[in-house]
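Structures for review follow.
Each of the next two complexes has chain A plus one other chain: chain B in the first, chain C in the second.
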Partner chain A sequence: MNKIAKLFVTFISAITLALVSFSSSFAKVEGEYIVLGSAISLTGKYSSNGVHTQNGYNMAVERINKMGGVEVQGKKYKFEIIYYDDESNPKRAAQLAERLIKQDGVHYMLGPYSSGLTKAIAPVTEKYKIPMVEANGASRSLFTKGYKYLFAVLSPANQYLEVAIDLAVEKNGGKGVKIAQAFEQDAFSQDVRLGILDAAKRTGSEIIIDDKLPKELNDMAATLAKVKATKPDVLVVSGHTKGALTAIRQISEMKVDVPMLAMTHCDAAKLSKQHGKKSEFALCASQWHKNLSYKDKFFGSGKKYAKDFQKEFGYDPPYQSAESSAALLVFKDAFERANSFDRDAVRDALVDTEMQTFYGNIKFGPGGQNVAKPMILFQVRCKGDDCENRVVAPTKWASDKFYHPIPKWSDRS
Partner chain B sequence: MSKIKQKDLILYSGLIILGLAAPYLFSAFKVQLTYLCVLIVLAMTWNLQGGEMGYNTFGNILFYGLGMYLTASVQVGMFFPLAEWTESGGEKTFVHTTAQYFQGIGVGLLVSAVIPAIVAGAIGYAILGLRGHYFAICTLGLGIAAGEIAGGIEIIGAGQGFTTPPFPAEIVDTEARGKFFYFLSFALLISTFVFVKYIYGSRFKLILNAIRDNEDKAEAMGIQTMKYKITGWMCSAFFCGLAGGIMGGLIGYIDSTDVAFDGREMGVFMVLMAILGGKGTLWGPVIGATLFHFFKEGLWTLILGWQYVALGVLIVVIVIYFPEGLMGWLREKYPERFGEVIDEKDRKAQVELK
Partner chain C sequence: MLMVQASLDGILLGILFALIAYGMALQWGVMNIINIAQGDLVILGGYIAYTMYLAGIHPAWGVIVSPIIMYFIGVLLYKLVINKVVDRDLFISILATFGIAIVFQQLMNFIFGADVVVAQSEYGTTMLFDNSVTLPNSKIFSAFISVLYAVALVIYMKKSRLGRAIRATAQNARAAKILGVDTEKVYAATFGINAALCGIAGALISITLTLHPYVGLPYTVRSFMIVIVAGLGNLPAVALSGMGLGLFEEFADYILGTEFRIGAVFMLLVFILVYRRFKLSKKREYLK
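This part shows the complex of A and B:
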């Protein structure tokens, strides 16, 4: 045992030395850089949306830095972000948040992708009193925990598809409708479900199918078979990008006829590109659409943002990217109004945020959610093989009329 | 129990002092150190089952997740209505006082140790009759099934997840939470180690080994193997549940499949760490878990996007070059340091024969 013990002790002391030399943490503001931290899903089930988020952040950092950066106490600073991959895993995300704050010395955080991961990180940022502006955690439960350092630029998840139920009821002559719904078992989708339950109660609608979908979602044939048999008026599906893709793929394969199909994450899934005409008439909830007429001085209008984004990354920006870019605009604004790097001063400035960005108006409610921006609905419409998303609700922004009901598959070419 | 040798005494007291001083020496790394303690505990408990008894289980994640949910549920349920806490649409905010928080977590941890042990007993009674691959495959299903079931139970948050009570706000020191969970996990590590060490000096370990080496023979010798197999698994589940309970409080958010019944990560890691260090040895899982954790924390972020590929390569390397783990490899290279006497003549004769 003796030699082994010695070996072990040597090993431990080597590690000790290594750790001590790494312990020196960085400052929150290094030279001319304001360092932000973020755990992002670059791998795992949220990887595609994680990348949309990261691209959104990077786009805004580059733009703000190029246009003069952030001015605090007369000095110009630039943004810099430290990223870690949270592997779409809440446990890892919480650990990385801790690491960003304690080891990398980050004093300001940007949110991760998805409600579940935000829920895992929020207790950590709250504990260390680190202001976090997040753009991708919409679950309502995030805003009822009394968090003081959490700010979300997006509308809460329960609002996503409520409007769709209202639309269906309206088309049904004000009478309640029969709803079939299937939701992924995660914080976000379950919150969308709660929104639908509320809407159903309010409108006297009946929920005839209420299914849960697994997290690694690639099959929902069982739900669709039931839909075929029971003929509901509306089918609601929410399961992030994979949910949207799976739903369209199987609905078209199984030729499921349903008068109205409401979903989330259609634009992140690039539905109109990937499935083309098969995805036509799908109704999608979105936080943002490029045709909305909001403006700011960094990105100009939504259309200009979309064009620049396309040039930079080679695809049309989904709302996940737009809201992520907006998060940095919020931070910049807060730093300048606080005119200090004191965390609490920045936090107080965030509370008072009231601004317009290309993404929409931003004003935080008492729980930290954005209360100034409505959700929108768009519908996938095709001309020949060319499909795109057209805004149909609310009427203020609508560019097209809502097409209802969806024609039967036998009538679709 | 054999008397502790002086050299061992120095080693142990050194390690304990290091463990106690660690959160002050490496203040920024407290959370990683807590993870390390929990990982070592998981590796050791797995080793008890997979290494000593030879029943390779993928199901220990069940006890870990169970412990996590139980601790959090008890901690909340003792003082507030659990259903309202987990209901995401709820507008009410409940806050634990300092006393409630610690009482809750104390009772919660107790429950999280006892119930998984009972569950292990019940499940063990049903499936420990299976051997070899059949047992491994059967346990593989346990964690997955538990994750899906937990994802459907509304009172523990279902797919929404369960936010565990935040650390009491009255304690202003931001380091307190980290220290609390570190010392909690360190205490668990020590008690697990002492327990396993005690088992190593007992007849119980020999029986487990007998079961591993030849179960039929063991039975023929009059050992009631089933009884010992179940007891072994219950011991394993006891500490596994505690580890889960601590982790739940530390992470602050429990998700059914990604945090609690996380068979894809924790469930695989605990097996990997035990094998890396050398299964069936006292120190193997400890060394394996430590190395693995440092590898993971150090290299993971340098190879973003490729970390799981690297992990795969690591598994392949371990299995090919260190099938017996690091301890097994060392033992083969330096048998005399493990107290094995080698007859030089005999060894040479064998080499010549080859």
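This part shows the complex of A and C:
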């Protein structure tokens, strides 16, 4: 009896194993569909940016499928994405990545939203050797771990505001400037900070205030009072949307005069809309802007992308959506060049990516980060009460001149 | 000048914290419930004011509308959940309100979205000492309103029938019941008043700080601390300890750096708890 039971168990496990391996070896491509997987924040604190990311993915899937899909070995395939909601929770994201790979048999992944969640998923995709193209994890630490299957279409976080320091130095006649900075204590913002430290060293600038903002940040009056007393040339703030909104609120209330104010997350925070004229002259780092002149055959230009996106989803695309759409273009390109569904062949094709998309040029560095696309800076400018973001750097795409220095509060109406 | 700025910022912020803490002290004292959802009630109150702002009404009216709506939400919450945990172990009430906090966060996220939002009061700024010290009028307004409501509440508690019933219940619920006080009603009203106080504080936060569905917890922690320091049912002590906490936070920020701001607050909490224990142990020795 015991023997029979043992045999039975063995038999069942053998069948299960066979089923699992069978499903996973074929589920990556089902019929005419290439199945991609993504854990994405549809609820929880990242849900608005999670939805932007998902919309970007969906828009690209629809467009690529409509325009003929992906051609591999003479056959046309369409993209399909399996989504799971990671609840903005890194642990959950890692579990879902396992589930996508092991249960759903997904062989190619798209990234989640935010550096933190990407960091949680990357070890899983690496373990199973699953190529992941991600569009929303910019933290430098993602690209220094030696990951071989991680590819990011966006510029790393340390590049976000380096340009701003260069600009300040340029305005100061090439001499170093005095920098005051306040960064939230999270992976992304601290990477932005490292970029500033590098830029300061390179340009001979001096950092006179270097505050770290707590995660529960809702008040930075103390930092701003110090700024007022020490009169730096540049004030740099990075603390996600909360940081951007708090900074503008308190700078305007405390009438802090600085010649230059550089920030991140202005567009995600809808700064020009929420704070209107108070946010004027703020300089913001962005991965993308619709006015840039990059082109591709799927979306045309940035402006056309923005128009189509607006039509489809009813709002102007933030850069989170644009870069997510670009991730699909990268996958399509890699599949076609690999001309195979072999994971390693696709991975090797990804390594050799060198292309232009509406979002920007894409070429991956040794760590997997995109090295072909510069960050852009825009400045909030207002006409009457109507404020919008205008590109001011790099000069190649600037639609407006960089306004410097910021007029004093006493001179602003 | 920096010190003057820090002191004023701290006091104005502290008064607002004190209002939230007073609500917590009240229902803790009366019902023996530690409300983990306190901060989330505050944020919900803020969103009510923000919704008014979106509809084109000045968000400052939120300090009147928000407490009214929040009172009813509070009473409803009592009828649905809290009345089942009032006489139970403190631990159960913490669990229950923790659950409420999660539900509220998700609901707010669902209804208002996960974006950080602010309402604009356009109150401008008061400048002192030749523009070297600035006081946002919205913060002065919020401190003024907090004090106003706190004073009104104290008078109400002293003079009104319900106020007296609440105080009687806090002293001894069973005795109050025997003497004809409808404690069920008192509990519901107390929880409603606490929610209303949170509503006022939330409306004030919408014009002075920022709103987000998940930032409630720091407000819970701060009010918890203020109450621990001040003790239950002692409004002047709550106000003082609120202002003290605000001051301490600002000075910690200046002297130690922003990164130690919250850390310093927790260190203070540990210090106070240890000090209290130390004092108590002395007393016990005396009793021997």
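Please note the rule applied: the second predicted complex is superposed on the first by the 384 of 413 C-alpha atoms of A that agree within 3 Å, B and C clash if a C-alpha of one lies under 4 Å from a C-alpha of the other, contacts with A are read in each partner's own complex, and residues count from 1 in each chain.
Quick note on the criterion: contacts are C-beta pairs under 8 Å (C-beta built on N, C-alpha and C of every residue); 3 or more make two chains touch, one makes a residue touch a chain.
Bear in mind that the values here come from a model prediction, so they are computed numbers and not experimental data.
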Which of chain B and chain C A:T43 touches, first, second, both or neither: both
Which of chain B and chain C A:S139 touches, first, second, both or neither: first
Touching partner for A:V124 - first (chain B), second (chain C), both, neither: first
Which superposed partner A:A229 touches (first chain B, second chain C, both, neither): second
Chain touching more of chain A, residue-wise (chain B, chain C): B
Partner chain in contact with A:C284 - chain B first, chain C second, else both or neither: neither
First (chain B), second (chain C), both or neither touched by A:H275: second
Partner chain(s) touched by A:K212 [first = chain B, second = chain C, both, neither]: both
First, second, both or neither for A:V72, with chain B first and chain C second: neither
Touching partner for A:R99 - first (chain B), second (chain C), both, neither: first
Intersection of chain A interface sets (partners chain B, chain C): 43, 185, 212, 214
Residue numbers on chain C that touch chain A, as the complex places them: 1-2, 5-6, 9, 13, 106, 109-110, 113-118, 120, 125, 127, 131-132, 134, 136, 138-139, 209-210, 212-215, 217-218, 250, 253-254, 257-259, 261-262
Contact set on chain A toward chain C in their complex: 43-49, 182, 185, 211-214, 216, 218-223, 225-226, 228-229, 240-242, 245-246, 249-250, 253-255, 269-270, 274-276, 410
Footprint of chain B on chain A - complex, ascending: 1-5, 8-9, 12, 15-16, 19-20, 23, 25, 42-43, 83-85, 87-91, 94-95, 98-99, 102-103, 116, 119-120, 123-124, 126-129, 139-141, 144-146, 158, 183-187, 189-191, 194, 198, 212, 214-215
Chain A contact footprint on chain B (complex, rising order): 5, 7-8, 11, 14-15, 18, 25-32, 35, 88-93, 95, 148, 151-152, 158-161, 163, 166-167, 174, 177, 247, 250-253, 255-259, 262, 265, 283, 287, 294, 300-301, 304-305, 307-308, 330, 334, 337-339
